[in-house]
Amino acid sequence: MIALDDLEEFRRYRERMNDRILNSGNLEIKRFFALDSRTYEKGALDTKTKELLGLVASTVLRCNDCIAYHVIRCAQEGVSQAEFFEAMNVALIVGGSITIPHMRRAVEVFDDCKQRQAKNQSIKL
Amino acid sequence: MIALDDLEEFRRYRERMNDRILNSGNLEIKRFFALDSRTYEKGALDTKTKELLGLVASTVLRCNDCIAYHVIRCAQEGVSQAEFFEAMNVALIVGGSITIPHMRRAVEVFDDCKQRQAKNQSIKL
Amino acid sequence: MIALDDLEEFRRYRERMNDRILNSGNLEIKRFFALDSRTYEKGALDTKTKELLGLVASTVLRCNDCIAYHVIRCAQEGVSQAEFFEAMNVALIVGGSITIPHMRRAVEVFDDCKQRQAKNQSIKL
Amino acid sequence: MIALDDLEEFRRYRERMNDRILNSGNLEIKRFFALDSRTYEKGALDTKTKELLGLVASTVLRCNDCIAYHVIRCAQEGVSQAEFFEAMNVALIVGGSITIPHMRRAVEVFDDCKQRQAKNQSIKL
Amino acid sequence: MIALDDLEEFRRYRERMNDRILNSGNLEIKRFFALDSRTYEKGALDTKTKELLGLVASTVLRCNDCIAYHVIRCAQEGVSQAEFFEAMNVALIVGGSITIPHMRRAVEVFDDCKQRQAKNQSIKL
Amino acid sequence: MIALDDLEEFRRYRERMNDRILNSGNLEIKRFFALDSRTYEKGALDTKTKELLGLVASTVLRCNDCIAYHVIRCAQEGVSQAEFFEAMNVALIVGGSITIPHMRRAVEVFDDCKQRQAKNQSIKL
């Protein structure tokens, strides 16, 4: 299991650097970040489906930080273990064995989230 | 609109070459193709959701033939225009403007499928 | 040389599909397209430098339509042949021989633009 | 089967654009092309093995022109059908279903080469 | 040199997470893992050649864990230093300078394996 | 802020492994490294522009070590904060949100370089 501290550290680093970037004075980057958040809000597709789409996209593009983010969001949206592994399977088939090391990380984060949920601990992002 | 012939030609080429590959005597490739089909069958996630996952994965990895395939499957599974564009938006945000030429193709195929469905024409794959 | 018709066809297809996408009712995609245009406007870096950045990014990510677009924009911004090939060389070194087929296309479009400019023909986008 | 004209056209386009690039006055690009050729010459590994490495690299990176080039070279080096499909299988497993449209093209070019070899026709590059 | 502990840790993490994934109840993922192993077994191509193919594919796709795995397998199959660097050179030419940081890791793991082999230490996977 | 030690460690590791690779006896790899250095030397484009091209290419291809290298070189060439973020914005628009974790690292290294420059500390590479 990933130590609680690790996900906390990830969250803090992400938050600190995002603040730095959003306060850099570059307006287009700021707007991109706003669009990024809006993309996963409920529309014709619900947020859970959109987060699964984000997770699979992040997995085939093989970015561990993006994967960790979407795994946490999926867990928050109530994605079950069976649903999670079926999404991972789509990523694996489309993206190949090169995605396996990223699947390992995704599973690690997912299990960590589920254990916290079992203890009624919140998973902040 | 893509001419009917184009999607027909795509379908025939795809079918002919898949037959050639499956009859090459390489058992592992044959098994991969079987696994590939199985991946999108209904499980904890329904087929529509899985096809949307396949579509977004294909779009961020930027493969026009894979996109065409999953767009047709999405149309067959009843994905609405609003749902389709929200999935495209996830791909666009995650994968960037480099995906736009592929989004153009995806929209072209989607519109073509919708016009056929409006005329009660089947879309074979 | 690429026939005039080819770049014209590319331009018309691009325009028609962009209109279709922008009128799809998906606001986030519309905003992304606006941000995309804004990104290449003069700021601390001039437009010519930004278009060279866009060209190199498109070349290492290997998208022919994006390459054609940025080559045309570079030609419009007065990029010289020597500058163009030095940018191509950065893309080639960073991205490897896999970018060579895309470099061939880029050179073809660049030469086509230069020939039109020599005849005082405009290159619309 | 790919028409003879298609591979001929590919060869001529490749040759013409390479000449254009090599005569552009950019010395670094010229040196890169020389290094590229040298890479596949016999060393501790024989040329056949190196061409198989080039083919698998091109397939997982999904570049049809590079794939066509290395398939032709593999055929010239006497790669058998069974060897060819095993190399394709490595690419498929590592790179996933997204490589399948490229495998179809690779098989088409390979079959074309084998038919020419059966008729004692040369395959120029 | 990578500490013995590092490769040991990598091996244990890999083994533990693979067990977790294979016991998740997702049959398709389990079958993919079986296919993955089978792909590198001796056929028309010997295992050494297949592992070199896997190594080059992993290097151009730039996945350090996959690279480490195939480097160890190559060392176990008796790949010499000259052969190893020629395979790295194919990956470098095809994939460009972006692969260099991964080549550094690959060389580090290869040297580590060779030192263990010189001391008759086994390299488990 | 990245500890001074981290960039130092990165520099030392890079230097040590490059020496190892350049002394491996593989002449083609050695030539590639020489070409790589030459690519960023002043020509029709100045070194600052070329380093920005290298930075954007590295960011859309998402390689943290390459990004760190080019960020340091950009800082050495006097790239301003506004210029740096505009280059990052091109990478973000072209490459999408998947580049954001890499932008965070790039900003971290850039800020670190700027703080050293403010203290008249050198940034060795």
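Labels for the chains are A, B, C, D, E and F, by order of writing; each one numbers its residues from 1.
As a convention for this text, a residue touches a chain if its C-beta (ideal position, glycine included) is under 8 Å from a C-beta of that chain, and two chains touch if they have at least 3 such contacts.
These numbers come from a predicted model, not from an experiment.
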{"item": "Chain F and chain A - chains in contact with each", "value": "B, C, D, E"}
{"item": "Interchain contact steps from chain B to chain E (minimum; 1 if touching)", "value": "1"}
{"item": "Angle of rotation relating chain B to chain C [CA atoms, steps of 5 degrees]", "value": "120"}
{"item": "Computed distance of Cα centres, chain F from chain B, in Å", "value": "38"}
{"item": "Cα-centroid distance, chain C relative to chain F, in whole angstrom", "value": "25"}
{"item": "Separation of mean Cα positions, chain F and chain E [Å, integer]", "value": "27"}
{"item": "Contacts with two or more other chains, residues of chain A listed in rising order", "value": "28, 32, 35-36, 39, 57-58, 60-61, 66, 82, 86, 89, 92-95, 97-98"}
{"item": "Contact graph of the chains (line, ring, star, complete, other)", "value": "complete"}
{"item": "Chain B-touching residues of chain F, taken from the complex the two chains share", "value": "60, 92-99"}
{"item": "Residue numbers on chain A that touch chain C, as the complex places them", "value": "28, 31-32, 35, 38-39"}
{"item": "Sites on chain E touched by chain A in the complex", "value": "13-14, 17-18, 20-21, 24-26, 28-29, 32, 36, 57-58, 61, 63-66"}
{"item": "Residues of chain A touching chain E in the complex", "value": "62, 81-82, 85-86, 88-89, 92-93, 97-98, 100-101, 103-104, 107-108, 111"}
{"item": "Residues on chain C engaged by chain F in the complex (per definition of touch)", "value": "35-36, 39-40, 43-45, 49-50, 52-54, 56-58, 60-61, 66, 80, 82-83, 86-87, 89-91, 93-95"}
